[in-house]
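As written, the chain order gives the labels A, B, C, D and E, with residue 1 at the start of each chain.
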Amino acid sequence: MEGYLLAVGVIALIYMLMTLGLNLHYGFTGLINFGHVGFFAVGAYTSAILAVHGVWLPLAFLAAVVLAALSAWPLGVLSLRLRIEYLAIVTLGFSEAVRLFIVNERWLTNGVQGIPGIPSLSEGLGLPMSATTATFILLVLANLAAILVIHRIVKSPFGRAIEAIRDDEEALRALGKDPGSFKIRVFMLGAAFAGLGGAFYAHYITFVTPDQFLPLLTFYIWVAMILGGAGRVSGAAVGTLALVGFLEGSRFLRDIVPGVAEVEMASLRLGVVGLALILLVIYRPGGIMGDYSS
Amino acid sequence: MSLLTLRNIRAGYGDTDIVTGLDLHVDDAEIVTIAGTNGSGKSTLVKAVMGLLARVAGEIDLDGTDLMALPAEDRIRVGMSYVPQVANVFASLTVEENLLVAEGVGDVRARMAEIHDMFPALAERRRMRAGALSGGERQQLAFARALMPGPKLMVLDEPTAALSPALVDQVFTLIEGLPKLGAAVLLVEQRARQALQISDRGYILDQGRVVLDDEAQALLADDRMAELYLGG
Amino acid sequence: AEDPFRIGALNPVTGAGGTYGPGMQKAILFAVDEINEAGGAAGRTLEVFAEDTQTTPDAAVTAVKKLIEVNKVQIVMGTWSSGITLAVMPITTEAGIPEMNTSGAPAISTEDKDDLVWRFQATNGRFGRAFAEIAEQRGFKRPATMAFNNASGVGNTEGFKDAWEAKGGEVVASVVYEPKRASYRSELQEVLAADPDVIVTGSYLPDTTIILREWYQSGHENKWIIPGWAANPKLVDALGPEVTQGVIAVESIANEKAPSYERFARMYKEATGNDASTNIYAAMTYDMAIVWALAMEAAGPGASVAEINAKIRDVANPGGKEVYSFEEGKAALKDGPIDYQGASSRLDFDEYGDVTPDFSEAVVQPDGSFKRVSVVKI
Amino acid sequence: MTFAANDISMRFGGFLALDHVSIEMGESDLVGLIGPNGAGKSTLFAVASGFETASGGRVVFKGQDVTALSPAARARLGLGRTFQVPREFTHLSVLDNLVVAAPGQLGERLVNVFLRPGDIARQRAEIVEKAEGIADFLNLARVIDQPSGKLSGGQKKLLELGRVLMLDPALILLDEPFAGVNPVLVGEISERIGELNGRGVGFLVVEHNLQALSDLVRRMYVMDRGRIIAEGTPDEVLARDAVREAYMGGVV
Amino acid sequence: MSFGYLLNLAVNGAIEGSIIALGALALTLVFGIARFPNASAGDVITVGAYAGYGGQLASGGLMAAGVVSGMVGAAAISLAFYWFVFRKLAGRSAVYPLIASIGAAFLIRAAITFFLGHDQRVYDVPLTRAVALGPVRVVPTDLYLAAGALAALAVVFALLHMTPLGRRMRAVADNPDLARASGISARRVMTAMWLIAGAVSGLAGVLLGVKTVVMPEMGWDLLLPAFAATILGTIGNPVGAVVGGLLIGVAQELSTPFVGFTYKIGVGFLVLLLVLMVRPQGLFSGAERVR
């Protein structure tokens, strides 16, 4: 059981890194980013490719984070010009473009065949423990660090400025601040978290293919963020745990609901997730922790 | 006989009461002004009258109709119309569409013509999106829109803010003439002096309560009133 | 008696594999019923714990962890797409338990360092070779390929291309298409512009349906070589015989005339109401359970998982009495080695744990039926 | 001369909202701008502050041509403005609305956030003190911790003014600061503007409240239909027929 | 590369574009009036396809019956979700109805797969060969498709801009409180809007189903390009949605000789990006004011 919980925990913690990044984008700054999985993919592939070529894992991770952040730069620049809903679709397009790039540039990514045999963290770092345990421990540390960093940032004048952007960026402009420079930095920072999550993911699953980076994952992260409460640091953590608990918990539904075939079970699970989303939004709109407007 | 009667009104947002224990009435063909400092609850009160607040308790009666039981969208049919303080036009609709939006009441064409006479600027900008109008033009449009259905009670929340002096005078003249057209007016104004001059009675609000209510002339003559609410 | 032996059925019940997963899972279940009715293996009954991979690696990974950690299963069987198998393999291997799959990617062979992974499906390369064999026999000169852009689709057509070029032939056009499109007309237009005499596809049923419809509308006359999972009776149902006649369906087969397949087909029909030919993967998962049970039987009571795993080639590869069911095999094991002839293939595992099935070449007849014209051995 | 709009024209489609408008202001000048609704006053502000790009003309501030500068860059140079329709940061408290406006905050750089927390805290203390002073003066102290989105219409107007005061600008463009503001407070704000002006802050004020405006400013421009039609002391200007005609409908 | 070849590509693109356009039309209505991107639109389209298939089957093969039952079925689902879900979220930030609509999408798909499984279904439409018009090959059924898209556009446009109902819809979208005070019942207007959006989705579903195969994921897969088209043509603008859809479809296909077939869906986004660089609010936007 511990091993399973640990595995679920690893997935939750990976999602949590992404959720923290997205929360910085949307929850605090109001940037609608529907392409989060793109940064995640950049991180995963960067680290995977470097690692299978023998690069020392810490370096591969660093490269993943940096590249994910850099890939967000053009989107940050674009976000200066685009109204909020328009940015949403552009970022969605970005994540699809990343996936298409991975699919097509086989020389680099091995295309649809994916990259197998990525060293796990315990293997790559020579840690005397199981891969899952190693990943779990490092992820806990990474998340703690991320939470500290974000907490620091949102309490700072920088944080106040990005929250002002969320409400009215023209007004901020009139006060002599460039929303653009804030947005670019926020975009890159949030993407860096997603990239870090991606690197962990690649070394945990030990295999990456383009199919793992579909927009559905972005939606899941959104759900986690809203579930916890947008614009709350604690919200990202709580929301991710709730989401993953929910997705995994439904596995055990079958033990409770007898006489349902496995296929129907899967439909049921999807339906339950859907229903829960609806009910949550109607009856607990601020998420579990309450969002920035409450 | 009162046209509009409010008894023991309590209204607010979320858990906070803004307006408490308030009584007020507007008689037929009467102009009643509500004045008070910023944040004293004037807009909250008129939103309550219009049925736009989620949390209202008390009695509101218009000409024998219990308004508490009437959804906001049906109040136009019992003769109410409203100019809010902010967001008082449909910005993405054209000027003309703004005027036509209210459910058809009476002779629309004739009213349109009247409106265009009253506000030539609007006639010129008929096909322009209301969002592109200047502040004052917007205000005119808002007023005109509320006139369209031929109301018997007009609820106006600072209809002259942002208007040029000429138009302020014009709007006050218009308001003054409304009772003759059969409409009573509940008017919220910061230009309290001018407003009271054309009003029959007035209420002064402070922190959600009526602190003074009297004949308009009496209020204008009141020294304390001048010092606290009317300014120099 | 000992506790039941715990089997993890890890199938793509939803997601891209949703067409096959449910049937694959049912096949494991009825295979296990069959085994238990025959008195179990090595004195133990078998018990199945099923999970859905949702055809995504994340879900598969937590699912396999749950199977291993919570349900304490000692073998995992039935993973479908290569991406899933490659994600699940490291976990089962670390836990020291075998993994049985129906995936085609070559990497599965090379990544299986501990000989714990068993593949019941032909590799992409073997499929390609079968395609090339058939194209050559039929005398095609100007083949073109169209592939669904995933590991299997591209794997098949590239396997074909390699094999064809090794024979000295030339592929006149190759298109890889993104799936889930409303139309593939431009893709077709490109392929048809090269004037091929046959188009070899690595595709699935929905896209094949659309492609063939649009091809028919375009009025071209070339032939098609299509994998059996896409060229099946459902395709003919969808488009009618006028469009589909002459389509060459290629799939891996077992001894279809053999009793094991007949038995399986009967049970499959009973369990799902569908024809066994609509889900070749179900036959594979059925075989997984049977082979494993036979290996258990061969290893004898009290054997460890590793010991059972080591018996798989013994019970499936040539060199013993050919048997066609668990019951038969169990009885025959008392007298000496056996060679289980599966429902999905002869089940002869090479050094990588991969099988080399035979392939059938079937052609759609004017009345819409499939008629096998040859069996290709590679 | 601190500020000049030279020969500004602005076209919306076929409509000429500004027609070769020129305005000049000296150092710590206090100037009014009046004109009928739709004359182009707010449009002139938008051009002056960089929110709209004029079809023609130049904007000069502190001797520098700022025509090509962004709104933020102009604000940093000391050119502040308010919006006719208040644009508060709705989810921020009144205090934070003011605090965020303070210029030159160390903590807006991420490096400093992590390396100089002490300096940031000290700076914040100063900023908060100043903000509280402004809130006090604008009668906003009672609601200082409320989200600004929940303020009344007039309170928002005041906050808009307070925020630009936080900037310590050299010149403030005020778009109808008195509209919707309680008359008693109008007097007080006028006083404060005068006082700030005494300390060297320039003001260009658009306002329809002529009484208050002519008491406040030394000089005013009158616009009509996108053109400057008059300029001079309030008494001079308001006495002119053309102005009375255009602006006051001929009556006073 | 001959001109005829490119022309054929353009035609292919226009046909695909018509389908995207129909999806975008439904999206832009909801986006423009209810003010949120409705992620369940795709699955409502799927419902339309299944309902249409069922209707055709039940009527013994009548396509007209399929179209009607597809539109009715989708409209009913659309209305049901308005009534039980989106109505309760009016006035909230767009993200909340968006998340709820993702939930609705899951719920619909779950119901479809629960009751109908994953097997593909195919409309019973006689197959015709393409007709050559000069160098261009056209399939008659594709002409129906294009006609359907145009008809839907005409109806939606007329409704939105030429009727009092449309005016009221836009008023509610713009300023719900003021609309109420102007005597507009948001509920009635929104009911009409969701019915129309549903019917358009239903039509899209049937046409998509006829063109492709009926599958539980078919609508969801259409969502992304339809969103792109909606944005490209400016949110809330029906003409824009259709033009956007066509533009994306044509650009995608025309790009294939240069970028290949697997990159072509990226081209749709590239077009979107380029347009947004020049016109940040889409092709058909009016000016906004800052003051």
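FYI, a residue touches a chain if its C-beta (ideal position, glycine included) is under 8 Å from a C-beta of that chain, and two chains touch if they have at least 3 such contacts.
Chain labels with UniProt names: A, E = Branched-chain amino acid ABC transporter permease; B, D = ABC transporter ATP-binding protein.
Note that the structure is predicted; figures quoted are calculated from it, not measured.
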Subunit B to subunit C, fewest steps along touching chains: 2
Graph separation of subunit B and subunit D (steps between touching chains): 1
Chain pair with the higher count of C-beta pairs in contact (A-C, B-E): A-C
Longest centre-to-centre distance from subunit A, chain (CA-based): B
Greatest separation from subunit D - chain, by CA centre: C
Rounded Å distance between subunit C and subunit E, as computed from the means of their C-alpha atoms: 38
Geometric centre distance via CA averages, subunit E-subunit A, whole Å: 29
Subunit A and subunit D: spacing of chain centres that average the CA atoms, whole Å: 42
Multi-partner residues of subunit C (each touching 2 or more other chains): 14, 18, 149
Shared-contact residues (touching 2 or more other chains) in subunit A: 103, 170, 263, 266-267, 270, 293
Sites on subunit E at which at least two other chains make contact: 113, 118, 260, 262, 265, 287, 290-291
Touching residues (chain side subunit A, partner subunit E) in the complex: 26, 32, 78, 81-83, 85-86, 88-90, 92-94, 96-97, 100, 103-104, 170, 215, 219, 222-223, 226, 230, 263-264, 266-278, 281-282, 285, 293
Subunit E - residues contacting subunit A, complex: 31, 37, 39, 85, 88-89, 92-97, 99-100, 102-111, 113-114, 117-118, 224, 227-228, 230-231, 235, 260, 262-263, 265-266, 268-269, 272-273, 276-277, 280-282, 290
Residues on subunit C engaged by subunit A in the complex (per definition of touch): 11, 13-14, 18, 21-22, 25, 50-52, 54, 56-59, 61-63, 65-66, 68-70, 81-83, 86-87, 90, 94, 105, 107, 111, 149-151, 153-155
Partner subunit A, residues of subunit D touching it in the complex: 49, 51, 70-76, 80-83, 87-92, 96-97, 99-101, 103, 105-110, 113-114, 120, 124, 147, 163-164, 166-167
Complex contact set, residues of subunit D against subunit B: 12, 34-39, 42-43, 84-85, 139, 143, 150-155, 157-158, 176, 179-187, 208, 210, 247-249, 251
